[in-house]
Amino acid sequence: MDELIFFINRVLISGTVLGSIYALGAIGITLIFGILRFAHFAHGDMMTMGAFIAFVLAGVLASAGIVTPLPTGVVVLPVAMVLAAIIALGIDKSFYAPLRQRGARPVTLLIASIGVTLMIQGVIRLIFGSGTRSFFADETKDIFRIDMSWAGAQRPISVTEPQVIMFVVTALLVVALHLFLTRSRLGKAMRAMADNADLAQVSGINTALVVRVTWVIAGSLACVAGTMLALDVALMPDLAFNIVLPIFAAAIVGGLGHAYGAIVGGFLIAFAETLAVFNWTAVLRPLNAVLPEGMALPPNLSLVPTEYKLTVAFIILVITLLARPTGIFKGAST
Amino acid sequence: MALIELKHVVGGYGGAPILNGVDIAIEQSDIGVIVGPNGAGKSTTLKAIFGLLKVMGGTITFAGEEITNSLPDRLVPKGLSFVPQEKNVFTSMTVEENLEMGAFTRTDDFSDTMGWVYQMFPILREKRRQPAGELSGGQRQMVAMGRALMSKPRLLMLDEPSAGLSPRYVIEIFETIVKINGEGVGILMVEQNARQALAFASRGFVLANGQNRFTGTGQELIADPEVARSFLGG
Amino acid sequence: MSAASTGTGWDTSLRRGLLLFVAMFVMIVMVGMVQGTASMLLILTQATAYALIALGLNIQWGYGGLFNFAIMGFLMVGGASTVFLSYPVNTAFWDSDGPMLLGRALVALLIGLGLVMLARQSRRIGISGRIRTALIVLAWFAGYVIYRSQIDPAAAYIESTAGFIGGLGLHPVLGWAFGGLVSAVIAFFVGRISLGLRTDYLAIATIGISEIIRALIKNMDWLTRGTMTVSPMPWPTPLPQELRALGFTIQDSFIIARLGFLALTALILVGMFFFVQRAYGGPWGRMMRAIRDNHIAAASMGKNVTGRQLELFVLGSILMGIGGAILATFTQIFDPSGYQPINHTFMIWVMVIVGGAGNNWGVVLGAFLIYIVWVISDPLAQLIFVNLSVLTQELGWGAIPEIDSRALQMRVFVLGVVITIALRYAPRGILPETVRREA
């Protein structure tokens, strides 16, 4: 029983946490690709930026002496999302829109997004230095321990408060996005533009508006994803630069341009990573009792060593690109 | 006053002009048909009206108002609609969603317009929950026309609506066009099935090398021996 | 630059180029006057190596339109290769059971690959479709397990007894050549599998491959010592301490040693430059341009587009591998954690875009300019911050903390600003590719 709990803690909970972050990031990448047709490399840094915005706001709240039942990082999230969305709009207007108007190729926009990456990273490090910070310097991170002794287990299932909030927030955002894309006029216009931009223009759809909505969604979701990551682990300037590739992997596995694919892809990549480095001996140890003498399980039985965790995502990314660049869902759309 | 009027329109895609002075004028009661050889600039003319390329000379007026180089999101509310020749449906969206996109610029209730479109194309009502990409060529053309009608246009522009359709569907599409015209929508269309289209056209324009070669009623053009010899295949 | 100036186009672009090179020379001299000759030579040598790398990217992107975001990976491969060839022999390793264990691991690897090959051939015995795919995946897995079962103990043994396998003690220039060679082999396989991808997918795939290479080199401690770093790497030219032993002053020994290294590096750059320049001016270059500018037409003319592109990819990667090897040798340390996409992939891109993709002169100029900007951003920002700090102190806001580390980050920002401005106002670079009229 303890083995199962270990599995739940190490794989189910960690994988879901990571999957939520990947999914929220990948939605942004996939929407931007669907509408603007370029790979937005600066997305990881938009996540970092969002996390730092939330961090600053949380600091303001704390210094004002306001105490909240939830972690302050979560309380300030709505405001941080708005600010992140505004900055995303500003970035588009100053760096991408002029190139689009010139009729630049998608590659040029991709290179421009590298420029944006460098600028955001530079600014963040200029202001905050390159050290690691924590949202929980002054408050405690509550941990919920679900007692499982009724099932004969000694260990509890343990999950932190930010993780629980993350599950709820991700679920709410995904449902909201779904309703937006399938029910609202603007959401449908977004799908229309991702499907056929020329026809969307011909239909009189205000494509400039759709582009703005895309940045608002992508920017605010990136802010949530970044803040969640920072709440779960810690806040660093190169926080999301390391995970922008897994996020691209998620978006590509799900099929670039397909919002639902991005969500599935995010969880797929996250669980692949978590399972690949999971030490199976921890779960299979009871087998030692039945295995013959001298055939005991090795102390570490994981598919890849822990230091290669991120590499798993890269390998999935490369294999998907080579085998099925359009994603694993055939015929799926937005 | 003409519904749409092009006066000596010159335009192209950035390089040398493709249109070298096109004149077109039709009334709301008209069915105007543009015919001409491949590469004559027929599609380009429709795109020029719809602001999809740069007009470098001449003027375009719609119901007395100059609309030269206006963009679609301004033109659709004024009462113009355009059905491009290819890729004219949102394949991943349902038929009904396609129609809704046609009504994007409308802020009023458009359910009666949708009823009108379904009445015009009953098959679309049956398939309204199906992705447009799964429909046959003729049904897609109906979705495309239905989408364009959703904005309640005064002028419907169609680029080769019969291209690639079986003869049975060609007749059906042409009949529908006449019917739409009968409900007070001006039509301006490009057609390869020139003789068939000119037969029901009230205005015909023969374009070659980006210029008008002949203009007249459909019947006049069919009767003109030179038009028949050079452009209608004898 | 514009179409209107066709008559004098070549003259004006030549004059422009000369002026820019003179400006760059003045900048270098100024750096020398401010920071001292020894630092100037340090910057110049590294800039020369970067120019070689940028030339490699120009072959791929400028000539071939191939998007390579794996530059960092190739630089690491070059560095690790030169460690293996030129670092002194580690007798502790060769005297131990290490070589034998590694031999077993190699056999295991070959068996694994053999299994995969067999599975791929299964079509011959009538297995196809999903079953064959499953078989291939299974073979990969089995091969992986077999390899891991041998390499893990071997790695653990070597790391605990000898540290790492050490080098072969050969001349560093041979190490550089080997860096180019290993890069070529890797580029061949990377290119074979990924060059068919669309440009933006290729960008993502290559950056993924680059990260995989980094993870491997960083964690294969038995081969590269990983994060424990390898140093000091031998130089092909006399080291400062060797010159000091001959009686030179500290100052002079640094200057002369770096001059020697610079001369060698510059020689390689010049040699490669003229080789590339001549090839591109000839029929081979004409064909490459035709392919870049019009895939379909070139393919329909019976040109082997993919084969030619692979050629470009491999050739460019060779220059990257050599450049990476030179950089590692020059700094005398191979530190896998020191490689970052910003410094080792994106900066090269900025060099090529700013200099002028497709124009070798422009790319070399861009490499020197950007590298100098990159290096002097730090002291300049420091200067600004120190003065700002005085101001904030006077205003009673207190001094700016951590000026040093903040100033260092300034260069990342400057790099971003430079590329953004270039894309916006000079998308073809400061020395654009001169359109050659094909007779």
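So that you can tell them apart, the chains are marked A, B and C in the order they are listed, and the count of residues begins at 1 in each.
By our rule, a contact is a pair of C-beta atoms (placed from the backbone, for glycine too) under 8 Å apart; a residue touches a chain by one contact, two chains touch by 3 or more.
Protein names from UniProt, one per chain: A, C = Branched-chain amino acid ABC transporter permease; B = ABC transporter ATP-binding protein.
As the structure is a prediction and not an experimental result, all values here were calculated from the model.
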Result of counting contacting C-beta pairs for A-C and A-B, higher pair: A-C
Name the most central chain, where centre means the mean of Cα atoms. A
Taking each chain's mean CA coordinate, chain B and chain C are separated, in whole Å, by 55
What whole-Å value do you get for the distance between chain A and chain B if each is reduced to the mean of its CA atoms? 45
Distance between chain centroids, defined by C-alpha means - chain A, chain C (Å): 30
Multi-partner residues of chain A (at least 2 other chains): none
Which residues, counting only chain B, touch chain A once they are in their complex? 50, 52, 71-73, 75-77, 82, 84, 87-93, 97, 100-102, 104-105, 131, 147, 151
Please output the residues of chain A touching chain C within their complex, sorted ascending. 38-39, 95, 98-99, 102, 104, 106-108, 110-112, 114-123, 125-126, 129-130, 241, 245, 248-249, 252, 305, 307-308, 310-311, 314-315, 317-318, 321-322, 325
Touching chain A in the complex: which residues of chain C? 67, 193-194, 197-201, 203-205, 207-209, 211-212, 215-216, 218-219, 341-342, 346, 349, 353, 401-402, 405-406, 409-417, 419-420, 423-424, 427
Which residues of chain A touch chain B in the complex? 185, 188-189, 191-192, 195-196, 198-207, 333-334
